[in-house]
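Given below, in the form of structure tokens, are the structures.
Both complexes shown next keep chain A, but they swap its partner, so chain B is in the first and chain C is in the second.
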Partner chain A sequence: MTVIIETMIILFLLLGVFLTLVAAFGVIRLPDVYTRNHAASKSATLGVMFILLSCFLYFYLIEGHFSSRVLLGIAFIFITAPVGGHLISRAAYHSGVKLWGKSVRDDLKNKK
Partner chain B sequence: MKTNDVILQTTSKVVFFIIILFAIHLFFAGHYHPGGGFVGGLMTSGALVLLLLAFDIKTVAKGFPIDYKILIGIGLLFAIGTAAGALVFNVPFFTHVFGDVYLPIFGETSLHTAMLFDLGVYLVVIGVTMTIIQTIGESE
Partner chain C sequence: MLVIAMQVSLVLITIAMLGFIYRLIKGPTVPDRIVALDAIGINLVAMIAVLSMLFRTYVFLDVILLLGILSFIGTTAFSKFLEKGEIIENDRNH
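On to the complex of A and B.
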């Protein structure tokens, strides 16, 4: 039983770290603000949620301490991080940041 | 172009209650765990600032009709009241008492007069932060 728990905690932690690393690479390598924001807000949110989940499981199953504020943190990040990404993208679009040169669609252009 | 803030406003309304609950938790946890009046007050004013960002200053003033300058005064009165209350019982200034009290719903609860002092700190921190932010925000 302990082996299963420890394996699960390690897997969640490694998955979270990997997703956060992918988000960092996305921010470096993608061409414009919108694609970078897509990588940062989506991948990093899931990565941090996995790391927090693994932290919660460690304290609950091994130390026997039910930490509700970690669960609250997971819910909070799940609610707020996408909204933050949306607001940054929208502010960038309204202040006139250009899309990547090879983009084919801009639906918002006709709405102005 | 008219901007549409519906995502920000809806999220702020939900998140506001989470932040307020966490601030109250931090305030009451202050005696035995990390937290206390200062952090709790800052987080409460952080929740109010989130509402100020999502809505405008008049809507928030209508929802919370509080004069934050008066809140500073109430907080300082709480602090000096708990400190001076010790003088009535003929003990030095700032002497605190504590004890286990039986309350109807909560059962056996450990109560301490330092918490009333902390309540003063909490109110002063909210009052000062919100006064600073509102005066800067209102000036054209």
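On to the complex of A and C.
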């Protein structure tokens, strides 16, 4: 039983770390603000949610302490991180940051 | 086994954070730097979770929620400043 629990915790931890590394790689490699924001706000959020889930499982199943704050943190990050990404991207568009040179369409340009 | 996995993941989170710091320093525009700061705040939450597992204590778990809230407020204030030029508007008529 302990082996199953430890395997589950390690699996969630390494999955979260992998997604965080993917987010960092995307933020380094991608060409403009919008694609970088896409990588950072999706992948980093899911990675942190996996790591917090593994933290909750560790304290609940091994230490025997039910931590409602970590569950609340997961819910809060799940709600607010996409909103933050949307706000940054909108502010970037309205303050005049250009799209990548090879982008093919810009639906927001004719909306004004 | 558990401790080794935690140490390895702490090192890998540090490497990811170095990538975000690279974008924070080099980023050509201001929104790039805001994206990097937001991701650094989110990553710090993960780092505190792994550290509190490593230290086997649950007194740091308040910090997770606090950092999530502060990072969101900072991002909102920065992007509102970029879009409108001020954060709190005193004009009531629009």
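Everything below uses one rule, namely that the second predicted complex is superposed on the first by the 112 of 112 C-alpha atoms of A that agree within 3 Å, B and C clash if a C-alpha of one lies under 4 Å from a C-alpha of the other, contacts with A are read in each partner's own complex, and residues count from 1 in each chain.
We take it that a contact is a pair of C-beta atoms (placed from the backbone, for glycine too) under 8 Å apart; a residue touches a chain by one contact, two chains touch by 3 or more.
All figures in this text were calculated on a predicted structure; none of them were measured in a lab.
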Requested in this report: Name the contact category of A:Leu72: first (chain B only), second (chain C only), both, or neither.
Outcome: both
Query raised in the report: Touch check for A:Val97: first (chain B), second (chain C), both, or neither?
Result: second
Query raised in the report: Of chain B and chain C, which one touches more of chain A's residues?
Result: C
Query raised in the report: When the two structures are overlaid on chain A, which partner does A:Asn37 contact: first (chain B), second (chain C), both, or neither?
Result: second
Query raised in the report: Given the touch rule stated above, what does A:Leu87 touch, chain B (first), chain C (second), both, or neither?
Result: both
Report task. Enumerate the residues of chain A that count as touching chain B in its complex and touching chain C in the other. Result -> 69, 72, 76, 80, 83, 87, 94
Requested in this report: Sort out for me which residues of chain B touch chain A in the complex.
Outcome: 1, 3, 7-8, 11, 14-15, 18, 22, 25
Report task. Enumerate the contact residues on chain A facing chain B in the complex. Result -> 69, 72, 75-76, 79-80, 83, 86-87, 94, 111-112
**Report entry** Contacting residues of chain C [partner chain A, same complex]
**Finding:** 1-2, 5-6, 8-9, 12-13, 15-20, 22-23, 29-32, 34-36, 38-39, 42-43, 45-46, 49-50, 52-53, 56, 58, 61-62, 64-65, 68-69, 71-72, 75-76, 78-80, 82-83
**Report entry** Complex contacts: residues of chain A adjacent to chain C
**Finding:** 6, 9-10, 13-14, 16-17, 20-21, 23-25, 27-28, 33, 36-37, 40-41, 44-45, 47-48, 51-52, 54-55, 58-59, 63, 65, 67, 69-70, 72-73, 76-77, 80-81, 83-85, 87-92, 94-95, 97
